[in-house]
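We call the chains A, B and C, going by the order they appear; numbering starts again at 1 in every chain.
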């Protein structure tokens, strides 16, 4: 019997192709920072009051590294816990909302509305309720990360082809089986979309929370940067904040390639 | 209504969780302050978003046709989006001072990139068949752009607008925290240090209202313009 | 009455213990009607008075234009939908109305899961029935080998052509632990040439493995070529208008499609279907 031709064949990634991909991702950053450094060197002196060249900033961080590290760790801790808890809760809730039509309808509307409430307006309230520890900031980060996950996963569940649903029903699969074999793999791409989107948001939330009276963390550093009119300090905090979100984002991207490649 | 009674029932002190009447009283008392704060924030956010949306739309439309421009802008977008944009709030205050301008500039800057992204995504969605059809009629590109591409991209652009309006409110409030010139963020910070907790609560609620209002406006606009979608 | 096998064919191969134990069973469809309510006041009668008996081991094609309720009928048989009160589906004498899992069902498009290899897709039915994956895989491996598809076991759906995907979906249907297969327009998405290839492939599989097949299609040639019996369904409401035996010997070959017997059957079917078409034509 004749073999039918394959239309698309997935080629094994050669080392060259992989290197190009990494270069593609890194290039914008290199150009950006290179350009910035150049600008600082040749541009008007007034820029010095606002911007700090990449080299200045990096050396500033190196000089004050213990202090920077403490702040980094504080903010990272708050952001990460909020990130994990918020996303996990969002994932679970999405499945809950999908189980029942009425609940889903109402719940979804609620989610959309709740998402547009700027939780940071309540940072002060949280600080009041929960003191000055990590908790209020974790709560903010959790709130922020929760909604993208719920909405994305819910959309992913709704967009499962009804043919697949029918197939599983006809094969008399139990709810658990359907969840494990069909729904979970089907929403994994959406999960990663949400994870990548909320990486930055979690850090933002933690930092804003810190602005309301925290002692350590990148938020206070930002405030200090403004108070002492010190661009290097300011930009150091920004760099470190970006470092956290980039790390999370990259981890999520890498995991996505391994786990949800379809 | 539960709001009114639950806090007292639970014995919460008023600085922790003011009752409804207390918050209303705060509005009466500090009315001018609260109202002007809300107004300021709304103005900043709306102006910023409108400018940002227009810029983003135009940039998106233009870079749709110019490949290198598109790649360049998207690269900047990548760098921009991986940093917590609120970190830029103090920078813009240092640069432009504490007035409305600094907030509007930052909001416009960030939202223009958001809209740029969504515009490009929307324009990419044009079905090939419809494109070919109009081209076979000999229609000129600008006409095709308006009649076909823009129409097809509109739903995506509108959802980008919705997202951008949430971004705008958040950015507005955050920049206000760093500056000393009115707005909800600043008011919250002020009242916290003054221990004027009820007012702080009122301000926080205003924040929620502002966020919802802008979101609602964007949704309304979306409904008006894209009623023809499924 | 079981379909007599022509001498000279290879002896059938029971695929798994489940299949061997179950043996071939016949299907009886009794008094099946199906009405849908379109608005609050009007209803649509999708199926009306369907009565059918399908002999074990045979291939029956249900033919009709789109929208005549063929898919609905199939879904009622396999339990995805319920017939109106009074309708009954009996498999080998057992009442299975509304009960699922008794039929090897194949929906209209291939419905392969994109995150599973061809092999893992094929064993889906077995896995859902509780068979450990390793065990299921080795059973499936054998089947892939018999039908010269062994080299494709580790490919993912997006790497396969549409004809290949359809074959994998058919393998999945063959592997499902039931000897009664329900196929919903399985070849509708294939081009004519690929379709011929897959027809022959299906017939070869059917002859190696004992199955009863109920196949729904809108293609007359396909119905005659594959089936022992063709039943024509009308539209609005869906009722049986014709039921003929296909007078072709097995094994079927492509030459058969140009014989008088083939054309005779085709004429009868065209006539029955033609009446459907005429109902839509403007009257002068």
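By our rule, contacts are C-beta pairs under 8 Å (C-beta built on N, C-alpha and C of every residue); 3 or more make two chains touch, one makes a residue touch a chain.
All figures in this text were calculated on a predicted structure; none of them were measured in a lab.
Think of each touching pair as a link: the shortest run of links from chain B to chain C has 2 of them. When chain centres are defined as mean Cα coordinates, C lies farthest from chain B.
Between the chain pairs A-C and A-B, more C-beta pairs are in contact across A-B. Per-chain Cα centroids separate chain B from chain C by 55 Å.
For this pair, chain A with chain C, the centres built from the Cα atoms lie 48 Å apart. For the pair chain A and chain B, the distance between mean C-alpha positions equals 19 Å. Contact of a single residue of chain B with at least two other chains is seen at no position. Against chain B, in their complex, chain A makes its touches with residues 27-29, 31-32, 49-51, 113, 115-118, 120-125, 127-129, 200, 203-204, 207-208, 211-213, 222-223, 225-226, 229, 231, 234-235, 237-238, 241-242, 245-246, 249. The residues of chain A lying in touch with chain C in their complex are 1-10, 161, 163-164, 166-173, 177, 181-182, 185, 188, 262.
Put simply, chain C touches chain A in their complex at residues 75, 78-80, 100-101, 103, 105, 107-109, 111, 113-115, 124-125, 127-129, 147-148, 151-152, 155-156, 158-161, 163-164, 167, 176, 194, 197, 200-201, 204. Of all residues in chain B, those touching chain A in their complex are 15-16, 75-76, 78-79, 81-91, 93-95, 165-166, 169-170, 173-174, 177-178, 184-185, 188-189, 191-192, 197, 200-201, 203-208, 210-212, 214-215.
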